[in-house]
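To start, the structure itself, in structure tokens.
Should a chain be cited, it is by its letter among A, B, C and D, assigned in written order, with residues numbered from 1 in that chain.
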Amino acid sequence: MATAADFSAASEATSGAVGKHARRARAGARRRREMLLVWVFLLPSLAVFVLYRILPLVWNAVLSAQQFSLFAPSQWIGLDHYREMVDDPVFWTSLRNTLLFMARAPVGILLALAISLIVNAGIRGRDVYRTIVFLSYPLMTVAVGIIWRWMYDEKVGLFNYVLRSLHLIDAPLPFLQSFELALPSVLIANVWQILGFYMIILLAGLQGIPQNLYEAASIDGASPRQQFLRITLPLLRPSLFLAFVIGIMTSFTSFDLVYVMTQGGPSHQSELLITYIYKAAFELSRIDYAAALTIVQFALLVTLTWAGNRLSGGDAGAVESGA
Amino acid sequence: MALRSVRRPLRVAGRIAVLALSAMTLALSAPVSAQQKKISFLTWNISDQEDLFKEWIAEFKKIRPDVDVEWLDKKGPELPAFYQTQVIAGTPPDIINTQGALWLEYAAAGGLVDLTPYLDREPAVRNRFNADYLAQWKYNGRNYMLPFYISKTLLFYNKTMFKDAGIAGPPQTFQQLLDDAAKMAKGEKTGFMTLNFDWLYWPLFRMNGVDLLTPDFRKAAFDTPEGVHVLDALAKATSNGSINKTSWTGRWVEPNGAFAGGNVGMLLAHSPAFFFIRGQAPWVNADTLGVAQAPGGWSTPNSHGLGISKGSKNPDIAWQFLKMVTSENWTEKLSARRKVLTGNVASDTKLLAQMKKDDPLAAAVLQTQVEDTDKLTGNWPLANDSRVKEAFYPEIQNAVLGRKPAAEALKDAEVKVNRVLAR
Amino acid sequence: MIKKRTRQTWTHASLHLAMLAVSFCMLLPFYWVLKTSLTGENIFVYPPSIVPVHPHLFYYIDVWYYIPFPRYLLNSVVVSVLSIAANVVFNALAAYALTRHFRGRGAVITVLLSCMMIPFQTTIVPAYLITAKLGLLDSYLGLALPTFSTIVCIFVYKASFEAVPRSLIDAARIDGLSELQIIRRIMLPLSTSAVATNIVLSFIWSWNNFLWPLIVVRDPLMQTLPLGLSRFLSYHENTTGALYAFCIMVLAPGILLFLMAQKEFIRGLTSGATKG
Amino acid sequence: MHAKFLRILRHRFVAVPLLIGIAVIGWNAYVVTHNGGTVRGVVLGPDGRPLAGATVTMMEQNFTTNSDRGKTMTRADGAFEFTDNRSHNIQLRAEKPGVGRSDLVVVRLYFRAQDVTLREPLRVAKHAG
């Protein structure tokens, strides 16, 4: 796949008849015109993100260096909040939980990849399966939260009811009340809800792969496994990368299911950074400390994604250098 | 040549601008009324009383035709987010209704108007209310809120399960409560359950003489042998199943749902829980559900108050509205429709009398709300009440769910609470 | 020959078996929500009842009358339509720009990626202050503006725009099509699955948006559907059946749109053949 | 032109909204013609025969409380009729002093003020205590 740079070079070569100087002037004009065009196209989206993401981030950054009180003027206190954060055990627990929570992204993506491959394989009833898997995503989190909390209930929950009737366990497992099982339980519920979303992203990627590549490969006698490794996976890399980045992202922003199911679990054991930020801001009325937490979380995420981007070679989902 | 090539992106930019403009005209912002004065009141998850609030607004229109009244209602977890955003934006609702101790945070930070001068000027308004309940909203001796509707914890018990386990009546002591709970805990049934938000579980400690803080509220006072004994007993009862684990991690739907399911012996909760449970439990009637004070008569109030925001542009009009709303005529309507006690002594007695005839079981529940009002606990006037809770309660969870021994948990809790109190 | 067919039927059977297991796990919680919305029973009763006990539809009718459902539905639809329209246009433009190489392209991509990392819950207060300054409080535009562009969808478009072969674009440019026409006539028709993904996702995110409308709207007439939720979580009455019926009614439009958009997914496959 | 119009009509994004629109209009038409608010029924005495002169109370049930909406008397043939029902969720109870009281019958309707005739009669029986 030729990159855009080769494109502009090619079109320049075709107009060789005109003098070199004129050609360079026209190329310069065309590049300036293209630059203007690109920025005009980017303007609307960037405007929305500046207004509703970047300015609030700046607001949080400024606030994190202040002693803010709702009803009194706030004073500058520099890095006190960051110092307080260092010896705040809940911060470290929620940070550890958030990193653990990220482990669900690959699990979810692998499951979704398997499902979308099967659904894409053209077996009968594929639309029904696709809708069923997607069904859970648009459901409101409060309903998901209450039902999963009931299913995990120690005494009357469904899981314990099934496990005990199959004699797999003797004493009921206190899923949401145990310090070890609370976070994994919420993690499973989150995978259950977000599976449909990953499936859509991967399906959109699979649809983009031209069919004739498979036909050509099967004529050459490539086995389905080889076809998968040499055609599907490479061409699916942008979608997989996108799904993985979203997976990391949403572990920092999947607030409502944890908040509805366990409010941070028994003594912060299922507390994520995002639920701790919301609690600090609105339950403890400490918006300035929450702002500092937001900045630290943002910095952490930027480094994580930059590292991920560096590891996977191509820049942000583009696959020019590959295939 | 250059002109033509520049014109095309301009045309493109023009087209995008037109699109943005047409989107803007779609903004149907609400019409701004003339210099008509306006007050607004924000209620805490009481959207079921929309008709009553409309009648409030209509009545106030008669008293003050020059004032428009706007009603807002937000669910519990989201009310602080909405209110704080409005305060920062400089447009706080004039009147705010809070539950539990949230008002303390705002009052201590100077966010609520001190109502004491208004009350001193009109003693008749002060005398409307049950003094113990009115005192709930005092901070440094100043009154910041009026009672909107009041509730405190009581002990519900499942009479059928009591009969099956051979227990005569409600427990009178902490030890008897644990023993009765142990008798009923078999299979999926558990003996005791409590709500845990806003210190509702605190009577379990207070009935053993354990208090959270020293009388001057400066230091933690719970790390005592009695404290360790109580926490240790609760931990043991939770591990052997006589206390349902959801007591320590559930919020509202699960504990009440489980009790309504009919497989929990006793529930320590406040009166609104009764109506939630009755709605879900067809088995509830005077013979199957018992109602009593917790052992020792101790209870944690969880009342709703009405206060005036400091940022309000016309506090006097807001006060006039509050006076109307807490008058006997209107509190009577609220208590009749929602079956709650409003702290207005006259209308409460009238409601109780009426309820004894129509709904004796609900009357028994509400009767407990006005008894032993001198034994209220779990309501310390702390400016940073939520931070103390955030420091204390996780350690209790560590102990009762068996992650730390009780003594160690209380010691760690004491360090954390003292650090919060010192800040 | 026979061995090949049995092997094929065996793999088909195992695929179906796998999908049935997945469907069972996905449907179980959903079935419970549906069952409770029909019977309104207390789910904490033990043993759990698998089959609904004399189900009826009257909880759905309670929900219809209990909150101003038509008005909330209208608000939600207007906000979602605004959001979808803006999403498709803005994301396609941005993605097309990103397929071109220009100075600062890497910077723009890192900015977009970093914007993805700012969770909405931390931007409530500043976003409200900005909307107030723009004078868009209590308005459809104020409600929809934050969802006018989604970074995920920009990258989905970018991936499928890059799959469009250069030759088609060069030909179009030689024919004198303007950039916008190229996008509308060539790029979008060839990435229908990306468009479908964008429509479905932006619909669901704006439709299920709960915290933002709760903060930005004071006028009860401008509230969107999810805000009716607090009506069913009120302390004071039994609304379990109605709560689940409400959740199903909020869910239904999302599923309907997904079913309709599914065809786009499949057509995306077939049109892929012409690209080669 | 005709074929093109048909093709658009069959297109999903046009056909489904159209169908929903027609269903909504049809349903509203049915609602408008059937919402007189009349509630008819029959009251039977302990012996199973129609009971005249019994008072039937209608209560409107919403989630928090149920409030009285009115009373009517049964005619000679034991039949009764309310004409002012505005709710979609009502409860009926018949009683006659000296004879007894019927159970509380919950009547759920598909829309407000739907005209309904009770299939099951209200049975007044001697209640213990």
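The rule we apply is simple: contacts are C-beta pairs under 8 Å (C-beta built on N, C-alpha and C of every residue); 3 or more make two chains touch, one makes a residue touch a chain.
Just so it is clear, the model here is predicted, and its values are computed rather than measured.
Shared contact partners of subunit A and subunit C comprise B.
Contact with subunit B and subunit D alike is made by C.
Put simply, the chain nearest the middle, going by average C-alpha positions, is C. Of all chain pairs, the one joined by the greatest number of contacting C-beta pairs is A-C. Once the centre of each chain is set as its mean CA position, subunit B and subunit C turn out to be 35 Å apart. The distance from the centre of subunit A to the centre of subunit D, with each centre set as the mean of the Cα atoms, comes to 51 Å. Computed from the mean C-alpha positions, the centre of subunit C lies at a distance of 39 Å from the centre of subunit D.
Residues of subunit A in contact with at least two other chains: 37, 41, 44, 146, 150, 153, 155-156, 278, 281, 287.
Of all residues in subunit D, those touching 2 or more other chains are 63-64, listed in ascending order. Shared interface positions of subunit B, i.e. residues touching 2 or more other chains, are given as 8, 12, 16, 48, 81, 84, 88, 188, 254, 257-258, 261, 263, 275, 279, 338.
Remark: subunit B residues 1-2, 5-6, 8-9, 12-13, 16, 20, 77, 80-81, 84, 87-88, 105-106, 109-111, 188-190, 244-246, 248-249, 251, 253-254, 257-258, 261, 263, 310-311, 384, 386-387, 390, 393-395, 397-398, 401, 403 touch subunit A in the complex. Remark: subunit A residues 26, 29-30, 33, 36-37, 40-41, 43-44, 69-72, 146, 149-150, 153-156, 174, 176-179, 259, 262-263, 265-268, 278-279, 281-287 touch subunit B in the complex. For subunit B in complex with subunit C, the residues that touch the partner chain are 8, 11-12, 15-16, 19, 23-24, 26-30, 40, 45-48, 70-75, 78, 81-82, 84-85, 88-89, 188, 252, 254, 257-258, 260-263, 272, 275-276, 278-281, 338, 340. Residues 1-5, 7, 10-11, 34-35, 37-39, 41-42, 44-46, 48-49, 51-57, 59-60, 114-115, 118-121, 123, 125, 127, 129-140, 142-144, 146-148, 150-151, 153, 155-156, 158, 161, 192, 195, 197, 200-201, 203-205, 207-213, 238-239, 242, 245-246, 249, 252-253, 255-256, 274, 277-278, 281, 287, 290-291, 294, 297-298, 301-302, 305-306, 309, 315-320 of subunit A are the ones touching subunit C in the complex. Residue ranges of subunit C in contact with subunit A, taken from their complex: 12, 15-16, 18-19, 22-23, 25-30, 32-33, 43-48, 86, 89-91, 93-94, 96-103, 106, 108-123, 125-127, 129-130, 145-146, 148-149, 151-152, 154-156, 158-160, 162-163, 165-166, 169-170, 173, 179, 191, 193-194, 196-197, 200-201, 204, 207-208, 210, 226, 229, 233, 243-244, 247, 250-251, 254-255, 258-259, 262, 265, 268-269, 272-273, 275-276.
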